[in-house]
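Each of the next two complexes has chain A plus one other chain: chain B in the first, chain C in the second.
Right, the complex of A and B next:
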């Protein structure tokens, strides 16, 4: 036994030296495309960096028309911990509210909607061509009407058309005007990029491609400062396939040093078409289509302000935990037009899509939906990382209008939420290192808390891995981390997975929640169809932990950390499979419960529920949540 | 005051101040017909100047149809009210009743009694904000 232990550790060390021995030889495990020195916190075994890759500022029409004045520079400052004034604005331009993060973020990306950069700029810049047009006058006088009118024409349709004030030649005036905001975003990112060896903050240059008619939206994130002269909007590239072609021709092929990836989000509002197994011609995917797709989209945003996209109780009935920040409509329009509401379909959600990816893998030899996981906020206030449930000012955007004064009642539709965070396991906090983590999918998403979650898979991970001090070293040496593929199977046995989670410590006065349990979600293909199962592998699903919904005080047992090694009991070598881990905190108050309590809304006393707070007492209102993290999957291919 | 004059006067008051329910993209509004008419007018002008495509064509049609339907309904409802007043209170008090209704609505309208889902200001508005 003793000798076996040492043999294993020697193997682990050997594997480490072979695969990750970079500190020893002074090399990086990722390619450096920028001229900067190694960060002083560099660690070959990687650390989790927390960020937000979905942030809107004043250059997004749906943010600016609701009073958001935050510039890209201010959004970056906010991400680094600075306070920020937010709407409503007094007559003297002084904001009536302030927001500030309790902890700064490690990285962020401003992702304004590319479609209306130019229009927004022209309509708000006196003297600009088009400033005096009727559309721009409406924009300034009736911004909420402009939200619907301009989005309806350019953003929420399969055939977007630029406004006539943009000029006759394909709207060239607005297209050219987009260069101003685009340059400002790049400059803001350059200024916020910490050049010191401490590497405290990393901003990415990015934008959102807002394809329609249902939600086909993608955030386009660049590796470094080498980016095209203009973003590709849904006016120029009306489908995701055209977007990917554009990213290829204008970035990877057309611009030396340019690297880019796209991150789809809100598949829960896509009407089932975000992840269609069809190509640009509407034909079944071919192998090259699958490769193109996954080359452009290695990640998916699993949760944000407008709901979670992991799974649905309608399609994953055995998993009651799918009823987490879920929406009861499947397209954005259906929110406004009730008769369009339909039950969400399976293809709106990441878990079934991982299964569809396996089916396609078996058919094509390439998996088009090999998706790593992260989360973000989709804030429309320019407030990256503002995910606190207990002090949530709403995220604006498609939410509640906050023009000249705060409306009575909730500051966001009750079904929305504060969003989540993106986490990357990276050697250091720099663009190259983080981007490399995105590409290899060594990422996870959280619904806001900053848990530290490791997930390794392999064939011979030791069962006592959690008891030693070499969890990470052995995990890398004898297995693959989240986002990876299990190596070819050796003789006999089932895959083994090691999951470790540390609770979010929180901040002074605002401790994070205790952990309730770890789960592994398995999706596999059996007789040509995807199946799924959820396993509780550590912690206590039946613990007495609870939250008092009147005071939001939490009580009961919970764990500071959980760690376990789990072997798949139903493994069949001939079946493709994918596994991801889910980490659950104990129940805590949802944002709306904090707000409703503060307003004195007592559902037992209808007289105490004032205007705008009626949703507090609606029968289907969720009052508590179980915050969570989702890791990127690990794949097994026979 | 003739019955027709009283009807026109009260219709004007209702048009400006009486909250009626109508459907907008942002939900159901409770606002005066003035707001719906202004919206229909503005959207028509914008559509004329800029063209209407897809979803906006549907939205414009929905607003215009509601504008016509509610105008007709409000006209008949106003006539009914005037006839009831004349029958129950007599022609002599007709002016007082119309004035009283106008006064009550005018005072109430200074408070945020209107629900305005597409407002640029806030979803609850007073009469001075119903064109926001």
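Right, the complex of A and C next:
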């Protein structure tokens, strides 16, 4: 009687839990839409700025149900380096834990769930109409249960409806109430954005569109302070196509000065449908569909708290490095319901989707999946950039309701991770400059560390580029950076790629990890089908570098910097292709290993493994990680 | 059974359910379980709820319940629940509810009034929009929080080995070459860096380098200074010390923090006056 379809829908709640010309001196290569002076650190050759575009605060139901009290203003302060009190909260309102970044972020966006601004506000604002409704009372008393009820209604079905307490006429009452948190998010972003030319921090105005039935979620990020009066939620726009139409009509067309992009995330939990090659009518994509898609979504979040979405060993068997922070279920609901567990399908992952984009490009003349890369945290503590593996407090309240003590044991499910960072190559740290980097996809993602990665492609990049002092100048002048298209092919020859990586310089007392190797991942189309190959191009994949899992001490050879120039040996001019670089650090302890060691869990001595720490010794628990960076690709079109 | 009988059964059923919900969901510790007839039993109010009680009483004293749209809607809805067949207009129902004292029996009304009273108290304390002078004073007072860090503009030549860097520096010092022609080892970092803070410098060349760079003598080649990637010879072109920002550089942030502080103070002061009047001053 209960088909998988209905179970999925019932539990769909989980969707919530859950080509550059160098600028001449004196000119900006990006358009300034804000009245700001040029930053003092302005550099025409660009610098990587590190940020987090996926942050939840108290206005996200699935954060506040776990005791998160962080306001958008406090999240910005945290990103700038201030300490923040986090749950559990004592009876006197004093937090029992503190979190603080070892180094500030350059930019961040608070992305609370748009669907629940109104509802959450009503349920937690005494006196708001609806405060005393059964669902709100349930929310305050048994928030985890309410989560399933509320999200099951609002975010988890293909056709969400508002709760009755939102009133008639499309839930106008909840939409109006949403103006509270939405306004506060905008104000917080404005206050944290100093106009001083030091340009220390850039906050973006954003929200999360939480569409279902599986994870179809997008973070919607605005270029500047010109934003619609209310966010577009999955109640008004039930599909991604409707979201894009809404962004077009309510922002780009309807509001002069408004610019926006949407960033899909957790395709690993989308049940294979995040990147379907179907249009709004369910028909095969037409070229205008492909163009609409890519105008709205030039980027994808490749890694975050709930897993990496680059690739899967199930579908990229030859690449064992795909076994990195991967989840063994393909939808969020399957985490809770074993019978829903299925092998992850290829279309959940970015690498196969880049290939599908090439296939569609050959068919349509437009690539719907021309995706640049970045990563973020998806923190539900309101703690942007909290990515350290050591001293990781989890990204939620361990699922425990407001006011309760934290449970013994791991404070995050063992398969989750601290998430990653978004990196933008930009002349300066301002909204206009960073947003321009997002649009041209000159971005990369990391699993947390701040390595500095350059990736250029061209036809005649010099073989000795790494030995000169003009790597960057030549890269821009004779090639294209990450996110770009190779220029039309000249006679003969295969494309050349230059990759350089500097290790994370670290913080006092916490040096960055050494680099193990550089790779180029190539995806191409052969006889109408996408193929993939991974090339080790620098460093030593067989190095003796290792980590002692008891002490977490690292040892062995590694590089402070790696640089090489690589020519594709299998290039066929008639085949569409896409290339991206992957940078790997030496192995280091995973967050869970730090926590398990701290707790004295010795898997050889079962008596030492106390309640809540059992996952430390589960056979499939990864104890070390190879932190990494993924660059945006460079495309070749015949 | 007639429709009316069904309605009666539904009413009883719903009433029973609501009673159970009230007993189970909302008991023990829930703010919604606080005594509704507390107006005459002040001593029974738990210390943690006294402020709320004071605010509620003050709201009633001022008649806020008589002119509030949410209260009005709520009371009309309650009346229609009690008398589903009524033919009275909203206004008449509202007056009837007030006559019956329903505004003193309803948890939503109570919380609405408490929240509104808070806002009223804040708004009654004249927080005049601060002038530039006031914000400036606040900025000076809170200087550390808003300070703009020192910056340095320098040029660096990277060497993989410290020894090679030291030799190159010795060469320059002996007058054999002027340094500007010196190449060092390749590193994809700009040789000439823009004006940077210590944090920005640490992001490029590492925290150890950033910690030392500000102490280097400007106007000459110095080093080698260890970086995260090797060793650099450094020429400091320009240093600017930490400074207090001009107000215009941080006005919105200053204003936001200033306002949040003033509002909290205003509320506390007003509450204290009410506490004293109620005979419940805050514990010293």
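Keep in mind that, in the parts below, the second predicted complex is superposed on the first by the 606 of 638 C-alpha atoms of A that agree within 3 Å, B and C clash if a C-alpha of one lies under 4 Å from a C-alpha of the other, contacts with A are read in each partner's own complex, and residues count from 1 in each chain.
What we mean here is this: a residue touches a chain if its C-beta (ideal position, glycine included) is under 8 Å from a C-beta of that chain, and two chains touch if they have at least 3 such contacts.
All values derive from a computational prediction rather than experimental measurement.
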Fit or clash between chain C and chain B when superposed on chain A: fit
First, second, both or neither for A:476, with chain B first and chain C second: neither
First, second, both or neither for A:134, with chain B first and chain C second: both
Touched partner set for A:503, first chain B, second chain C, both or neither: second
First (chain B), second (chain C), both or neither touched by A:187: second
Which of chain B and chain C A:405 touches, first, second, both or neither: first
Greater chain A contact set [chain C / chain B]: C
Partner chain in contact with A:611 - chain B first, chain C second, else both or neither: first
Per-pair minimum CA distance [chain C against chain B, superposed on A] in Å: 7
Set intersection of chain A contacts, chain C complex versus chain B complex: 134, 138, 142
Complex interface listing, chain A residues touching chain C: 40-43, 45, 47, 50, 73, 103-104, 125-129, 131-132, 134, 137-138, 140-142, 187-188, 190-196, 198, 200, 450, 452, 454, 466-469, 471-472, 500, 502-503, 505-508, 511-512, 560-561, 563
For the chain B and chain A complex, residues of the former touching the latter: 25-27, 39, 42-43, 45-46, 49-51, 53-56, 59, 112, 118-124, 132
Chain C - residues contacting chain A, complex: 21, 25-26, 30-32, 70, 73-74, 107-109, 111-116, 148-149, 151, 183-184, 186-191, 193-197, 199-200, 202-208, 211, 227-230, 245-246, 248-250, 252-253, 255-257
Interface residues, chain A side, partner chain B - complex: 65, 134-135, 138, 142-145, 148-149, 152-153, 156-159, 161, 163-165, 213, 333, 336-337, 400-408, 611-612
